[in-house]
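Next up: some structures, all given as structure tokens.
The same chain A turns up in both complexes below, where it pairs with chain B and then with chain C.
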Partner chain A sequence: MNSFLQKSSGYRGLAASVAAAAAVALLAAGPWLVDTYYLNLMFMIGIFVITCTGMNLLIGYCGIVSIGHAGLMAVGAYMSSFLSTKYGMSFWTVALIGMAVSLVIGSLIAIPTIRAGGVYLSMITIAFGVVIHEVLIRWDSFTGGPLGISGIPKPQACAYTFDLKSMYLLVLVISVAALLLVRNLRRSAWGRAMIATKENEIAAASLGIRKFAAQYAGFAVSSVLAGLSGALYAHTNSFISPDTYHFQTSVQLVLIVILGGAGRVLGPVVGATIIVFLPELLEMEKLRMALYGAIMFAVLYFLPKGIVGTVGDFLRSKFGKSVTAAGSGPFSETAASAVSSESGSFSEAAASTVSSGFGLPVLAAASAGAGATTADFTGTALPVHAAASAGAGATTAAFSGTVLSVSAAASVGSGSEHTALISVVATALPAVSAVSAPRKESMPEREPVASAASESLDAANLLVLEGINKHFGGLHALKDVSMAVASGSIHSLVGPNGAGKTTLLNVISGLYGADQGTFELHGKPFIPRSLSSVSVRGIARTFQHSRLFKELSVLENVMTGMTRRHRCGFAQSLLRMPKQRRAERVMEERARDLLDFIGYVGDRHMPASQLPYGHQRMVEIARALATAPSLLLLDEPAAGMTAAEIGQLEQLLRKLAQNGLTIVLIEHHMDFVQRVSDTVTVLDFGRVIGTGRPEQMLNDPRVIQAYLGAEEVAASAER
Partner chain B sequence: MSLVLQLVISGLSVGCLYALIALGYSLTYVVNGTLNMSQGQLVMLGGVLMFGFAELAHLPFLVSFAVAALLVGLLNLGIERLAIRKFDKGPNSIEWVLSTIAVGIIIQDVALYFNGPDEGVTPSPVGEGMLRIFGAGIYWKEFIFLPVVGVLLAILILFYKKSHWGLWLRATADNRTAVEIMGVSSNKIVAVAYVLSGLLAGIGGALMSTNYAVSVDIGLPLGLKAISVAILAGVNNPKGIVAAGLLLGVAEAVIGQYVSTAFREMFVYGMVILVLYWKPTGLFNARKTAIKV
Partner chain C sequence: MLNVNGLHVRYGAVHALKGIDFDLKEGEIVAVIGSNGAGKTTLLQSILGLVRPHSGTVEFAGRAITNLPASKTSNLGISLVPEGREVFGTLSVVENLRMGLKKKIGSFSKLQFEKELELVFERFPRLHERRSQLAFTLSGGEQQMLVLSRAMISKPKLLLLDEPSLGLAPIIVNEIFETIGALAKEGTSILLVEQMAHKALSIASRGYVIDNGRVALHGRSADLLNDERMIKAYLGTH
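After this line comes the complex of A and B, so read on.
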């Protein structure tokens, strides 16, 4: 079903490109359509778009608010003006130098503040802007003091001297290029890494994504663009003075970004247009900054996604494709169980989903009668296509049982919206995916390193812990914990609350450093220094609470797991080089396979925030698997899952273990632990009180005592 | 020798004002992880109001002082309600940074609109006399900051240690959820923290106006200097902030005397950047916040 949707979104993409090209062509005709006054304003919009596109990357993707970018613009402007007026260097050279110096100074600010993070960064960037402004006023010999630099030559190419019209066109080209670069970046592993670190630094680190690299890259791009726009402005205006680059300008830049919509590629265009034209419309001299402040406030209150974000969401909700998942959820097995238990409500839910989305009469009645098969197609639907894609897709491949009922509704509107609602229901629930298509049965593209290692050490222990100790102040959270995790086994950690299970997991995964103790991975010494370094060693983990990246789609979430292995160079991602596109395709394909593997059949392009909790947990496991680990650490994966979902999780864990993956599992559902584990280690008050077969351990009096207390044990012994 | 002593005392007295203002950041930051980026503008407002009440409206000194400080404190209550509460969505949220910056811009521009760009000094009640210590001469009106701020800090500490509000503030800083479970509205406590922080800003500004010329432009640089102090010390470390504030005041006085007044600010911010390279969580910050998973 997805190929069909993709085709339609392809058309939509084409339409968008045509519209964008037309808009750019119209803007390019600007110099011959408007007078100099308005051309000047449009030029200023272009300058702001260049700077703010960089800042959009910073604010929208990296979550960093810099309020000192006017200072970086000043660096580019003064550097290039100084060199071209003093030494007569050509614009093209000095613009490059201006960009480079801006990058260097931006880096000096960014490197310490990114590590400190958050509000520190905002404050330091404000201070930076203030300092630059001071320097501009006081460093007479370089900056010309309060009077600034005048007589800056216009750029020249061959014998042609640029005037306002040609500079406007140049700025237009550069701003379109900047927008395209940022768009490319958003669609690359780098863009996903930026959003991931912004949303959840710890989860990102657990996937091997380092916050510093992603955020520094964003800062660097924004510094270069700020320097460039500064140089462009200076060489068009012929005159610059410190007044152009004070705190207010920096605020204006931030305002442009959030007014347009932080994290929306076209946001700066809309924001800059409004902020440039607004004072012209209002003709107010006093209280202009207060007005900006008020607008900022109003945007934060009423348009938190900015204009582009709000309008875009509105259009999508009105005309876009609706969520295509079946009423009872995107997971195939879940749908099956829902039908088997209460098929009436299922069909009702399915029908309502479709009809509410499109207002078309939809008959998706799945009869409750045993063995009955109903397939109803509506109106001008394309039943053949829907059926074919259901057959070819992963949905059926993941099932072994007989297909009981296929209810599919595909509607073809006059526009470009299509949906296909397919739910495939299998008969024998427990047998799900026991035998099925071979491609889906093996883990998608297992990394050769990991599988080779797990084969050669088949009988050996994958991970060995010796005498691990961890203190939190006075609390001795782990006391001499020693444990051996056999390759390819499912090793459960159980114990009452506060026993130190999660702490142990955190120590293994590098979130906390152990105070004492040694680790061995694949028989070699191993020191878990940080989440990301542990991830590099082939250990993946999930967290007790869902830590999906909510802004990213389901598919992108899984793709973030592959960042470390498949991410191309930053320049390649900016320019969307063929090699990078190939890498992206590989990642996407693998992510799709992984989602198939865990049995996810819902909308892959849905924002992860819209997933039900249980499904978030499953997608999180897929994301962890995307790092191609040899060891998977799961912290209470079944918490918050429905009984059906737990059954599905059990299948998944079995499948993973069959594929040679080693799993360490923390879980409180004891029957689940007993069914799924090969070995159980019981922790109590930070100490290992036993390791063994699950049935043996869970009946051990010491274990029961740890859970229920001594009296219970005595009572059961008397009985 | 006497010059050095003079510089040190003078530096300490301006430093204690920095500390006072910087504590305003700390008070709220420990409670809910937010701070008012327009703190500097609040200080400016305190100073400008003080000058307006005392010099233009001819109110008695103490009345002007109290009214100026209270008004700024109340304003910060409004800021908390409008610009913080809605946007305080966990450690990664940036909305409150933006909203409080917007508030600062508005305060400054509105103050400019009503007050104009003029600057003024409120005559200090201790007069223009000089204090002589070991040959060093210092104006009483400057020196008086030290005991006044000392008393204020003592009151603040008492409030924190002895009053139930102080207890709740400390408890909220420790664990907001637990405080909620105890049936205490943590929103209310955050609001109290903001009022306190606003009071500190107002008092700082009013004090400042008795020795330094205040105008609507002083807000931003003062706010930045205070946040520099907070960053140097670690924003969740009140004792460190007092120490860093005093240190910065002295350093500024010495640099202003022996190096250049023009580059004094650059020195401050340069130092902050260097400290961040070296110790991102602040000079005096030993405590590491535990990550909960």
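After this line comes the complex of A and C, so read on.
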């Protein structure tokens, strides 16, 4: 089924490439099919496509709305025109200089302001556009003042002088190239990093992704493309003046991107075509700006995803592979083991859901009636589904080492009224698997350094906190917190809401700086300066509320965790060089392994926004693991999970700890904490009120009084 | 009070609810239990009118409300407390509570609002201590108390609660559940979606288990608490 889907999407990809090639060929034949008037319009579309492809990168991927890119086009146009008219330099040289100067000036705006971000950055780009326009009018000696520069020579190559037709073809080639480069970038670690920082800066930083690098890269590409299109326009038109680079041109560029669909590769093509043709067709030259305003209103009201985005979504919902309640009935094997007896609807539900969702290594083998069932689990605790057999006959289910997501062999029903399911939990696995094949249960991609360290230190402490204090204004959130986390242990933090648990986690992970106190990691002093610097030191975390990157697919989300260690150079990613493709394949494979490891067998190409809550939490753990940490910080991972799902989570945490990972956990589900933790630290009002074995801490009268409540204890004693 | 018949909801290609039948009597607490993605939140949203059902009917107090938007259903007296404690972070506790009044603000005299406030503060003295604090500075438990009180001030006939225990310390969870029980005694009907199945069933009179968009099991709480299948899948061993 999987391979079939891949194949069919392969065919679809091929069909799309053929269609694109045909479209480009048709456009290339344009000069011989249409008259000069239309060719001129098509040339203008090409110019806008080049600029807006760069802006699409900026608006759609980086989330930076620049309303000053006409200024950067002007820089390219004036620089190249000045040099070629004054010094007679060739177009090819001056175009390159124009691009370079545009890059420099773009960088001058971007470098100090990217940190400000958002609205401030947009305001600065507006100011920049206005300043450039004023400069063009006033700086007579360079720009020719309000009259502009005329008599700009046409480009030449080997005694051939380009005319409109050949310029159009050149622009066509460049726009196709620009589109391909942006498409490559979207499919690279750089593209994912851009979207990640746009969507959730904090989560991205916690994975070691630096916002500045990603966003500056986007700004740089858009500056270069704006400079290039400026030079191309100037040398085709032979005349430029400040009017061309008015504020309204900048607005027009943004409109093209939004109308076409920000973040969609083909968006600028559709947007530019409409924005150039519409005023001409309606003969509304004088009302151009009013028309643009109306279009902007219409787009924001009716097509917030732009034309390409809306049409794409519609086609996907119409012709995309149909999903039956994607990923619902998540940890359905356990549900199945509980419910597959009598009720018809129940077993039907179980049977229909085993192919999707999560299946952690809860291996359920079932035998009923006279049948003898041999379940031979060799190797890993990968997502192996319930093998439930009922009725007469022998079923042998053999799951071998690297086979991933063996789908359910569930033959429920068929006359048998009882299907007794014996759940074999993963911890019982060694006994079963001792029969054959060496066990391969190791976590994909363990950092060798980390495991070596944890071996040599073994019983030592991985993380030691000493006298940590943190104030928020008048609130003393952490008061002299000291804590030692043993290597390879699961250490839980419990305490009332507002006790400072999350604050402590935020301080360790570098989100807040501590006011006072010392940290030691692997026995060496350690200062958690920022999220990304802490991530580099091998500490990963998840968040109380899921912070997955919603626009990225499940697989891409996990891949963002590998950005820091596997990202290739920017140029390599733009050009999709062989080395970069290899790195991408490695990342994808590791991400798949990690998803297998946590037991996710649902659709991996589904946008994360469509994942049910419980799955989001599990995928977030996989993403954190992708950074190859030695310490994992989890903030309420079990919140909102059912008892069965919590059971799966417990298995996962055990497996991780067995692999040498150290885990610090904030959790309110007390029986879960009691089962899974090696050590429990209790916080109240920002102070540690005790650390010890879970059973000891949870029976401590102070803990009962502050946190559990007498009733809860009585209830759990009953059980 | 509330009757749901053959409710189907689709999101594009995803068939989220596949024919849910469901009822709730006046002053009753009914628990809805199920795994993540089973369709519990969708059920609440389609009752309130945030999601338009594909087919099926929803009746509230003898009136068909199937396709009514949320703005209308909330005027009829249905109130949702969404998952994840959505307080107005930069408003004070009292201002948040005032939001519960919605359009009644004109007809409500200041004095009456003060009375309402007194009731809230009597129930949750902690909110009184923090009455002028901005909501985002409250702890998770206090925020849950606040959203619950905000919903109560709108005097709903039917209260829809989406996972009120999420991320709360056990002692606070008990407090919240006690309050829910007290509200039902005062005559509010409550539909309680909860992952802590044990706790939910101990205050509810009946429960529904939703699995993969269908009602897989329903019955009196006492029966469900002793049901083998329930124990394995949702109650856990504790």
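Rule of thumb we're sticking to: the second predicted complex is superposed on the first by the 587 of 719 C-alpha atoms of A that agree within 3 Å, B and C clash if a C-alpha of one lies under 4 Å from a C-alpha of the other, contacts with A are read in each partner's own complex, and residues count from 1 in each chain.
Throughout what follows, a residue touches a chain if its C-beta (ideal position, glycine included) is under 8 Å from a C-beta of that chain, and two chains touch if they have at least 3 such contacts.
Fair warning: this is a prediction, and the values are worked out from it, not measured in the lab.
Participant: If you stack the two complexes on chain A, which partner ends up touching A:Q544: first (chain B), second (chain C), both, or neither?
Facilitator: Both partners.
Participant: After the superposition on A, what does A:I109 contact: first (chain B), second (chain C), both or neither?
Facilitator: So A:I109 only meets chain B here.
Participant: Tell me which partner A:C568 touches in the superposition: chain B (first), chain C (second), both or neither.
Facilitator: A:C568 contacts neither chain B nor chain C.
Participant: Please work out whether A:V130 is in contact with chain B alone, chain C alone, both, or neither, and reply first, second, both or neither.
Facilitator: first
Participant: Mind working out whether A:L634 is in touch with chain B, chain C, both or neither, as first, second, both or neither?
Facilitator: Once the two structures are laid over each other on A, A:L634 reaches no partner at all.
Participant: Examine A:L665 and indicate which partner it touches, taking first as chain B and second as chain C; both and neither are also allowed.
Facilitator: Touch status of A:L665: no partner.
Participant: Classify the contacts of A:A644 with the two partner chains as first (chain B alone), second (chain C alone), both, or neither.
Facilitator: second
Participant: Given the touch rule stated above, what does A:V65 touch, chain B (first), chain C (second), both, or neither?
Facilitator: After superposition on chain A, A:V65 lies in contact with chain B alone.
Participant: With the touch criterion stated at the top, can you tell me which chain A residues are shared between the chain B interface and the chain C interface?
Facilitator: Overlap of chain B and chain C footprints on chain A: residues 544-545.
Participant: Flag every residue of chain B that touches chain A in the complex, lowest number first.
Facilitator: 35, 37, 82-83, 86-87, 91-92, 94-95, 97-99, 101-106, 108-110, 113, 220-221, 224, 227-228, 231, 235, 262-263, 265-266, 269, 272-273, 276-277, 280-281, 290-291, 293
Participant: Quick check on the complex: what are the chain C residues that touch chain A?
Facilitator: 12-16, 18, 33-39, 83-84, 137-142, 163, 166-174, 195, 197, 211-214, 216-217, 228-238
Participant: Considering only the defined contacts, which chain A positions touch chain B in the complex?
Facilitator: 59, 63-65, 67, 108-109, 111-113, 115-120, 122-124, 126-128, 130-131, 134-135, 138, 198-202, 247-248, 251, 254, 258, 286-290, 292-294, 296-297, 300-301, 304, 472, 502, 506, 511-512, 543-545, 635
Participant: Please give the residue numbers of chain A that touch chain C in the complex, ascending.
Facilitator: By the definition above, chain A touches chain C via 317, 320-332, 334-335, 337-339, 341, 343, 345-346, 349, 352-353, 357, 475, 495-498, 544-545, 610, 612-615, 636, 639-647, 668, 670-671, 706-709, 711-712, 716, 719.
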